[in-house]
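Note that chain A is present in both complexes that follow, paired respectively with chain B and with chain C.
Presenting the complex of A and B:
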């Protein structure tokens, strides 16, 4: 028997894990990351002379293979600047299912926001994420695993929502592969960002409000610990335990965040007259400053001239 | 696709027909022997090392106990109680070794099998000393020895298969590229073997693909259910820790 040491085993593991790209137009350039379904490699498309990301299963698993192929089909029907575009899908010579997508050069959202970023900038990123999710909902697709790790932020602040492996297609008119039967008791998603109905195993009955919940949890995380009260009220409403108490859809949630950014009242936060005055004063602080300066000037003139 | 591959493996799923676990449980003596051969090929070293490191048995006693253990697998039908939904085979076997050692100590005078320790094909002393100096737990070392055992058996099968199909050069390329300490470039390999660089690329892809198929085949043989097979495959080829 061949003698092996741990180093040799580790090289062999890497050798048999690597996707078999012979007889394909791709050449391996590196590893982009690993996840629950498999590994994402950076590969060179030798025909189009560009780098793309190739997602491939690590081990044979019929269930996960079906999920990967379905994810590619879901992505193919979601053409939006905020959703990673898929280029190609199929099986490699070693039999493993794969698909290629745009190689996003940037940071994962959780890493980007580990550095100091102003609140307004964070909220603008949030609105771009919400816009992409709202687009998917309009196409009948729920993401069901929204979390900071599943969002990439490019060098110019562009946002791409990734990992649609748990997506649920509400209205399928395009002949997608059937989803795995998740049943009443299946728990899909990530704790902390998962709605109560998901963690309760009601994956089969979820609707757009389950993504509203996850976006609320992301908003809460993105805004940080000492976020302004109206913002806290928005994420609290989005994360209400009962679906009926949340925003009915992602656009309503996004509209609330936009109102906050514009200094307007948000419906989730009932404010007192005093706080309302303070907010209006803050929103119109330039005009208010001019008026106050004028009044102060008039008062001085009155005082010194008696006129 | 290359000629070495079975059609069902092009889909990535090896067959379930040849589980060594099922063979060892079989009523047919020849099948049991065949199953035991695969099990001992992968598990002999992990079992022996575990006896040395976890139970601190000297070489002769560890070798005797290892031999007794594999005899028990067939004679005492140890695998009859194995339930893949409760534990992986390698975990179950480790628990069985612990039981064997406890019983052995209780009996005090163990039954001698044959004339002392069997001749060993490896330089175990050197290996045990090396393992001992690392600070890994005996359980971790058992898992690592298991991974080495799976790859060693797969390599031996790959070697034999390449030799019998006139593709010995493919195996030699894998040995020099993936097993040697210093990794050569494709151009260096092409020069050494007197072939084109594109041939190096193609042969290496083919032989690695074949190795992957055989590793999965060995894992299939060492497991008793689809779920256990997937878990072991993830542990060895996924983002696992082994």
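Presenting the complex of A and C:
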């Protein structure tokens, strides 16, 4: 009997997991990534002659299959430039559920920000994420698993929020989505980005402020360890243990970050007169610099000409 | 804000400051109001001319040189009316032009790059 080495075993495992794409319009082109629910493959759509991402379960499972279908249905109702669009959904010849979506070429946010990126650019990326999440909230959908790994940044700076597998539909205005009951004590989310109510298993009572918490954690992570004090105050408020102490919605959080970017005062941070003066001077530093340059030049002229 | 507006704004503000500095010349103090008004108008005119230039020529170096020249030229015209204090008027005037030129490029928005409506894009 021949023993298989680890590499051969992992290759065999991958071959077994590979989706059966016969009798479909898709041809396998590669693996984009793996997640908790299944694997995302890059496939060629032979009819439209384009590459798309195909998400499929690794093994048939009725419970997870329902979640995958639901994720596709949730995504289908969220048409927004910051949310990955779904193209197709169904079952493969091998019985596994799948859906296809836009193949986003770019970096995951955590990888993008592992390189040096200026704070202002990081915050602009954050605002685009917040905008997509606010849109979902307006459509009655909570993400519940916001973290840097679930955000893709495209080659042209476009931001796409992915992995809506844990999304919760608060209000199904169209009546199209089947209600999915989450066990009242189920813990869903990712430690470090998960709100206290999620880690406490209160999944039934979560609301928009749960995503506000996760966005606050992302803001804290994106801004880096030595972020300015007002920014720290914003993420602290967004990550308050009590929901009542957080920003009431994502738009309020985004407005605070925008105020910070514009050099304005933020409500989360009470500033002293000195710090306010310093902020205003920094905000108008070019204008101030021009006036000071004139005064300095004029003083020199006065000194040398006496007039 | 477009470059002409920035030029007018900065030229005007620096013109007021320029006029106010006449206070340090005791013999000019009785005429300070007229000097401030004249200096402000000079700054506004210089700002508009420099802003127009900066809109066409987007180079910082050329705009600084042109701003200094325009500031000096207008100040020379003002000094020529009085027939004295040429250097004392032209040096600060050049400084106003130089700083206005810098501000138009640094703060002002250049010409739009968007295609005209109905140009058939998309």
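We adopt the following convention: the second predicted complex is superposed on the first by the 276 of 307 C-alpha atoms of A that agree within 3 Å, B and C clash if a C-alpha of one lies under 4 Å from a C-alpha of the other, contacts with A are read in each partner's own complex, and residues count from 1 in each chain.
Definition applied: a residue touches a chain if its C-beta (ideal position, glycine included) is under 8 Å from a C-beta of that chain, and two chains touch if they have at least 3 such contacts.
The structure presented is a predicted model; accordingly, all values stated were derived computationally and were not measured.
*Asks:* Just to be sure I read the superposition right, which of the two partners does A:241 touch: chain B = first, chain C = second, or both, or neither?
*Replies:* Neither: A:241 stays clear of chain B and chain C.
*Asks:* Contacts for A:281 in the overlay, against chain B (first) and chain C (second): which applies, first, second, both or neither?
*Replies:* In the superposition, A:281 touches no partner, neither chain B nor chain C.
*Asks:* Could you look at A:294 and tell me whether it touches chain B, chain C, both or neither (first, second, both, neither)?
*Replies:* second
*Asks:* Given the superposition on chain A, which partner contacts more residues in chain A: chain B or chain C?
*Replies:* Higher number of touched chain A residues: B.
*Asks:* With the two structures laid over each other on chain A, which partner does A:48 touch: chain B (first), chain C (second), both, or neither?
*Replies:* Neither partner.
*Asks:* Based on the superposed arrangement, let me know which partner A:305 touches: chain B (first), chain C (second), both, or neither?
*Replies:* In the superposition, A:305 contacts chain C only.
*Asks:* First (chain B), second (chain C), both or neither: which does A:95 touch?
*Replies:* In the superposition, A:95 contacts chain B only.
*Asks:* Under the stated touch criterion, which partner chain does A:17 make contact with: chain B (first), chain C (second), both, or neither?
*Replies:* first
*Asks:* One more residue to check, A:59. First (chain B), second (chain C), both or neither?
*Replies:* A:59: touches chain B, not chain C.
*Asks:* Name the contact category of A:39: first (chain B only), second (chain C only), both, or neither.
*Replies:* A:39 sits against chain B, while chain C stays out of touch.
*Asks:* Quick check on my understanding: which residues of chain A belong to both its chain B contact set and its chain C contact set?
*Replies:* none
*Asks:* Which bits of chain C are touching chain A when the two form their complex?
*Replies:* Touching chain A: residues 10, 13-14, 17-18, 21, 24-25, 85, 87-88, 91-92, 95-96, 99, 102-103, 106-107 of chain C.
*Asks:* Which residues of chain B touch chain A in the complex?
*Replies:* Of all residues in chain B, those touching chain A are 1, 9-14, 41, 121-122, 144, 147-148, 151-153, 155-156, 159, 174, 178-179, 181, 201-202, 205-206, 208-209, 211-213, 215-216, 230, 233-234, 236-239.
*Asks:* Where on chain A does chain C make contact in their complex?
*Replies:* 286-287, 290-291, 293-295, 297-298, 301-302, 305, 307
*Asks:* Per the contact definition, I'd like the list of chain A residues that touch chain B in the complex.
*Replies:* Against chain B, chain A makes touches at 1-9, 11-13, 15-18, 20-22, 34, 38-39, 57-62, 65, 91, 93-97.
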